[in-house]
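What follows are several structures.
Two complexes are shown next, each including chain A; its partner changes from chain B in the first to chain C in the second.
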Partner chain A sequence: MKKTLLVLEFTRFVITVGIALLIGYIFLLFSTDKPYEAFKLFLTGPLTTQRRFFEFLNNSVPLMMTGLALSLVFQAKVFNIGAEGQLFFGAFGAMLFALNFPQVSWLHLIMTLIGSALFGSIWAFVPAFLRTKWKASELVSSLMMNYISYFLVLFLVNNYFRDKSAGALVSYRFPQTAWLSVITKYRLNSGLFIAVLLSILMGLLIYRTKWGYQIRVIGVNKKFGLYSGMRTMSIMFWVQILSGAVAGLAGGIELTAMYRRFVWQSLPGYGFDGIIVAILARNNPFLVIPSALFIAYLRIGANIMGRTTGVAPEIVIVLQSLMILLITAEALLEKFKQKAIAKEAMKGE
Partner chain B sequence: MKAIEAVNITKVYPNGVVANRGVNLSIEQGEVHAIVGENGAGKTTLMKIFFGIERPTSGELRVFEKPVHISSPKEAISLGIGMVHQHFMLVPSFTVAENIMLGIEPKKGFFSVDFKKMENVITEYAKRLNFEVPIWEKVLDLPVGVKQRIEILKALVRGARILILDEPSSVLTPQEVNDLFDVLRRLVQDGLTVIFITHKLNEVKQIANRITIMRNAQVVGTYENREVTETDIVELMIGRKFEYDIKRERREPGEVLLTVKDVNYFREDGAHIIKNLSFSLRAGEILAIAGLEGNGQKEFVEILTGLREKAEGKILLNGTNILGAHPKKIRQMGISHIPEDRIEVGCALDLPISENLISDRFHTKPFSGRLIYRKRQVLEFGKKMMKEFDVRAKSPTTIVRMLSGGNMQKVVVAREMTNSARIVIANQPTHGIDVASSEFIRKKLIQMRDDGKAVLLISTDLQEILQIADRILVLYKGEIVAHLKNENITETDLGYYMLGAKRQSDEQIKESMKV
Partner chain C sequence: MSDFLNPAFWYSVIRVSTPILFGVLAALLSSITGTINIGIEGMMLMSAFWGTIVASFAQNPWIGLLAGVASSIILAVILAYFHLKLKTDLVIGGVALNLLSSGLTVFLLYAITGDKGSSASLRSFTIPRVDIPLVKEIPFVGKILSGHNALTYIAILSVFVVNYLVKKTPLGIRMRSVGENPDAAVSVGISVNRMKFLSLILSGILAGFGGAFLSMGYVSWFARDMTAGRGFISIAAQALGGNSALFGAFGALLFGIAEAAGITLQSLRIPSEITNMLPFVLTIVVLVIYARSKIRSHSRIQEQ
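== the complex of A and B ==
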């Protein structure tokens, strides 16, 4: 019984992806004269060379972190979707610590990462506080905070931390003691291990601690939580702070491992992709791991396709939206599922 | 002529629960047909199939002797079927008229609603039924009895020839039930057909022409009213012998546990909802608050349990004023609460039964250590509770949304009656629960009293109050109008006070409370 359900659940996923791909293929038909090659690159690109494979893994790191941050707040039905701004501000925090903290090996790196988490939660604190104190919609305020973060950080970095000897608008280079190591000559971001570990930890937090139990209860019915004697306001507040720390850390990891300076002149967009990752994972931190890998795979596949064949990588955005839409619209196989269950249930008795 | 027939209907829910198994039912036109059965027997499911909310897995439906497929409430309505749900579906901020005509408003020109015509239509229907409804008032704070009439009008205006009522009487007072029955009789005289679900068997005997009994997803049989007694019905429902045997021995109550002093409450719009409420609750007694719905009970219970803010006065528990305290503190100080609204307040519908059962004690042993939440222990506990309180579901991991109304209520009751609180606030504790389980819960309440706990029972079910309460307060328009010992009083006596036709003097009430 359980098994048939699982099989159906999986079949549904495969069919949905299949349909999305088919539609994507049709799109390709119109945008290139070699649709087959382009499509093949899109699907298998990340697996064709080691370099591409590591590129795909590296891309999944920030997605996993922001997806994780958002799955936490979504669990409590809090819509603080400011992961983008938190990541940006967290990256700024990492830069401050990296450039100013004494260069003691390990300690420097750890402080830098903690600094990014701290700055991330400071950024999440504002919407959380407004919500708790004045019932202001955290959805609106967290979105606004994204832009404030963007302009504020750029202003500070470009005016006070800019490395004038570098050819671009970037900050001074971080000292080596604040580097997060990259592995192999293809530069695998070792933050991947942090992200995976953190996802597992957060999964345990949500499903295996009393704090997580309360988050889940409040996410389903806040009134019931209050009635049962939970401090709903304080839990909703702290979950936002925690989520901000994770998002901030995403920024810290990205800078200390991949760039070693502050390099962004525009919002990198991981915070928004994180929303997709969280939805796809159904807000389950454990599932954030495969979900982020999946999205990163699509992204890199599309980049490779774009680089090699000249098809606009924007196509991937269309594809991605399609998949999310189809996968979240669960109704597709519902009918088949219902029939199978009915049969099983009647047989069993 | 047959109004509606179910032929060999089977319904299997997506999670594999068989709610109807080969059900055959045939309702004659112009009869009141009662459907009874234990919680989870499949009554609501069958009605949802008639009304197009659920599709049968197999089987056939016939309406006025024609085979039909009903795939939406819209189709059901066009076939002449109307349904009043157990949980009303009205828009609180709309007026009565707007609610009744929602979606079928008579138009004047292209955009504007023809209010005159709207009023005419409604008054005409209302007159035929001898109803009184405040047409231009907002539905918001109307008493349940009135809300129900609105629901019935809503169905009739849409041309219902067959009216389905799912537990219409479970929160009505006896007077309101009588009114409802008058209406139903009049409808039947007009040739309408009424299908009526209830757990109150005296009502069934009073109003039904025929009775269908369901057990465990199947129909046990359909009987003429005179063929069966109440006891027969119960025994057919549960499939074994059953005796009403609630005994309540007289007991001297112990020390005062809770003192309510001069509580006043004004709603945002300025209405004076609770007026100078004062009383005390002792260990080892069941104190009932009787009253028609909408006389301040709901607000008072919310104030008492910390769910409503901004009341004046004092509520003393162990010498501490708990008025305005956080529910967490109130619970810690030993107050447990069965809320009136199980769906909005009493459950997390999308969590499993087991996790709903521990929401007030998840942080204690054995469910949690310092940090860790022990899933296995929670499941074990869930299993145990389901057995003790006879919650019918596949397993403790079933989410509460998939339970029948009565089984949801049992989950709430199971939680609130098994914590270590010394005071239980029980607001309609047996709401929607079947005969046998209601007996069980009432016995349990009496046993808690005997163990030295205090029970504050808020109920519109006067039989329940007279059966188990030691003392009774009657609330009318937010005021205590009577304080009675439960000795030789009848439903009629209480009725006078509840309707405001009679009241004790303030001195009398004060005097009688002193003892």
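== the complex of A and C ==
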């Protein structure tokens, strides 16, 4: 029974990706003279050179973290999709700690990363508090917080932390003790290990602890949770705080490993990509790992295609949104699912 | 302070309120059947894009407007089909549409103009401005009310049309009954799915007008992600007005004042990052006020 459902889930995934890629190909037909070459680059690009392969791995790190953050809140059916703003504010927090904390090796880096998680959860606190205290829609408020985060951080960084000797609008460089190391000459972000470890930990939290069980129950049926004595409001509040910490940490890791300054002048978009990562993983933290790798692969494939053929890589966002629609289409393949369940029931008699 | 007594300020309030006004009506028409349209942002963006592009190729802004609204309707049909037929979650479906629009418009913009930022290289066509004959002559008020884009007047007219549709017509009553109690609606022979479908389509039409205004009235070009949260702001403004299009319009005006005040404050050397934040902060404040008033009326009912 479980096996049949698993096969169906997999079939759904294959159909979804198939349809999305087909539509992507149709778009390429209209926008370039060499659609086949472009498509081939898109699909195999990240594997063609070592540098590109590491680029793909590095891209998966923030996606894994934001996907993880969103899968936590989605588990509780809370639509706090402010991961983008939380990541941005978390990155700002990392910058504050990196520039101001005494330069003690290890401790400095750890405090910087904790700082980013702290700032991320501060940003998640607002929608979480408004939701649990006054029932204000966390969806709208978290989206507004994304814009506020963007303008506020940009204002603070550009006015108070700007390195005027640098050529571009960036903050002062972080001291070396706040650097997260990069491995090999291709600069593999060691945050990848943190992201994978955190995904596994969160998976255990969701599927192996009482608190995780409560989160899942609330996601399926909030009233049932309430009537069976769970403190639903408190759980919904804390899961958002936790999610904010993970999203903030994503910003901290990205800055301390890849840039070593605050470099963003626009929202990097990882928070929104995290939505598809979480949905593709069916909100399962364990599955967030392969899901983030998959999306990062498509992302980098599209970038490589864009660099070589002049097709805008934004096409991949279109494919992602189509995949979101198809994956969450509950009624798709529903007939087969019903049949499988009925068949199983007959067997039992 | 004198800036706020200037008719030019209030003229700009009406101007910047227009897209939000359309958005509020779009949010209202979708939420009365209980299917809140999160995709308004994306529908506006899509319409803004196709509006400019088609207007530029057809050399006619009205054909552009038509194309823009049509593209928004197509998105509404996609959302309705996925939500009602394939049971995609409404919120996630809406978020997906917003992403779709954001990606597709940049992709196509680059394919058509070779520029990822804006459509400035294309010849632009805008919906004309209209002077109202008698009102124009009135001092002060005339300067505020006359000389707006034709779409602004369509927006104001739409407020009354939508209000009438929702409050007085059988169709509006049916739609509301679906939103308030679907089981009761079914029991008197109303097709819930048909009403929800219709309300999403109507929502798409109004969002389309709002988007077309942005690129063919507010400014005369398309820029990537130019809706900048107006769809979500509209949803919050509509929540403020409840089921009333008239109160919703006041909500839109409130956001218009915040945005126009932000622009005015910038001339007083207040950093643009801070003034740009105003409408978004206001949205959250409004959301809280609305939610609190709802809780209070709830507890009052329970006390009785």
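Some observations on this one:
Methods note: the second predicted complex is superposed on the first by the 315 of 349 C-alpha atoms of A that agree within 3 Å, B and C clash if a C-alpha of one lies under 4 Å from a C-alpha of the other, contacts with A are read in each partner's own complex, and residues count from 1 in each chain.
Throughout what follows, a residue touches a chain if its C-beta (ideal position, glycine included) is under 8 Å from a C-beta of that chain, and two chains touch if they have at least 3 such contacts.
Note that the structure is predicted; figures quoted are calculated from it, not measured.
By the touch criterion stated above, A:312 is placed in contact with chain C alone, chain B being left untouched.
Look at A:169: by the touch rule set out above, it reaches neither chain B nor chain C. In the superposition on chain A, A:27 makes contact with chain C only, not with chain B.
Once the two structures are overlaid, the count of chain A residues touched is higher for C than for its counterpart among chain B and chain C.
After overlaying the two complexes on the shared chain, residue contacts for A:275 are found with chain C alone; chain B is out of touch. Look at A:241: by the touch rule set out above, it reaches neither chain B nor chain C.
In the overlay built on the shared chain, the residue A:17 is in contact with neither chain B nor chain C. Using the contact criterion defined above for the overlaid structures, shared-chain residue A:223 touches chain B, although it does not reach chain C. By the touch criterion stated above, A:139 is placed in contact with chain C alone, chain B being left untouched. When the two complexes are superposed on chain A, the residues of chain A that touch both chain B and chain C are 334.
Residues of chain A touching chain B in their complex: 1, 207-214, 216-217, 220-221, 223-231, 334, 337-338, 341-342, 344-346, 348-349. Only residues 10, 12, 14-18, 57, 305, 307, 326-328, 330-332, 337, 339, 344-351, 355, 359-360, 362-363, 367-368, 371-373, 375 of chain B touch chain A when the two sit together in their complex. Those residues of chain C that touch chain A in the shared complex are 38, 78, 82, 85-89, 91-93, 95-97, 99-100, 102-104, 106-107, 109-111, 116, 228-229, 232-233, 235-236, 239, 271, 273-274, 276-277, 280-281, 283-284, 287-288, 290-292, 294-295. The part of chain A that touches chain C in the complex is made up of residues 27, 30-31, 79, 81, 126, 130, 134-137, 139-141, 143-145, 147-148, 151-152, 154-155, 158-159, 272, 275-276, 279, 311-312, 314-318, 320-322, 324-325, 328-332, 334.
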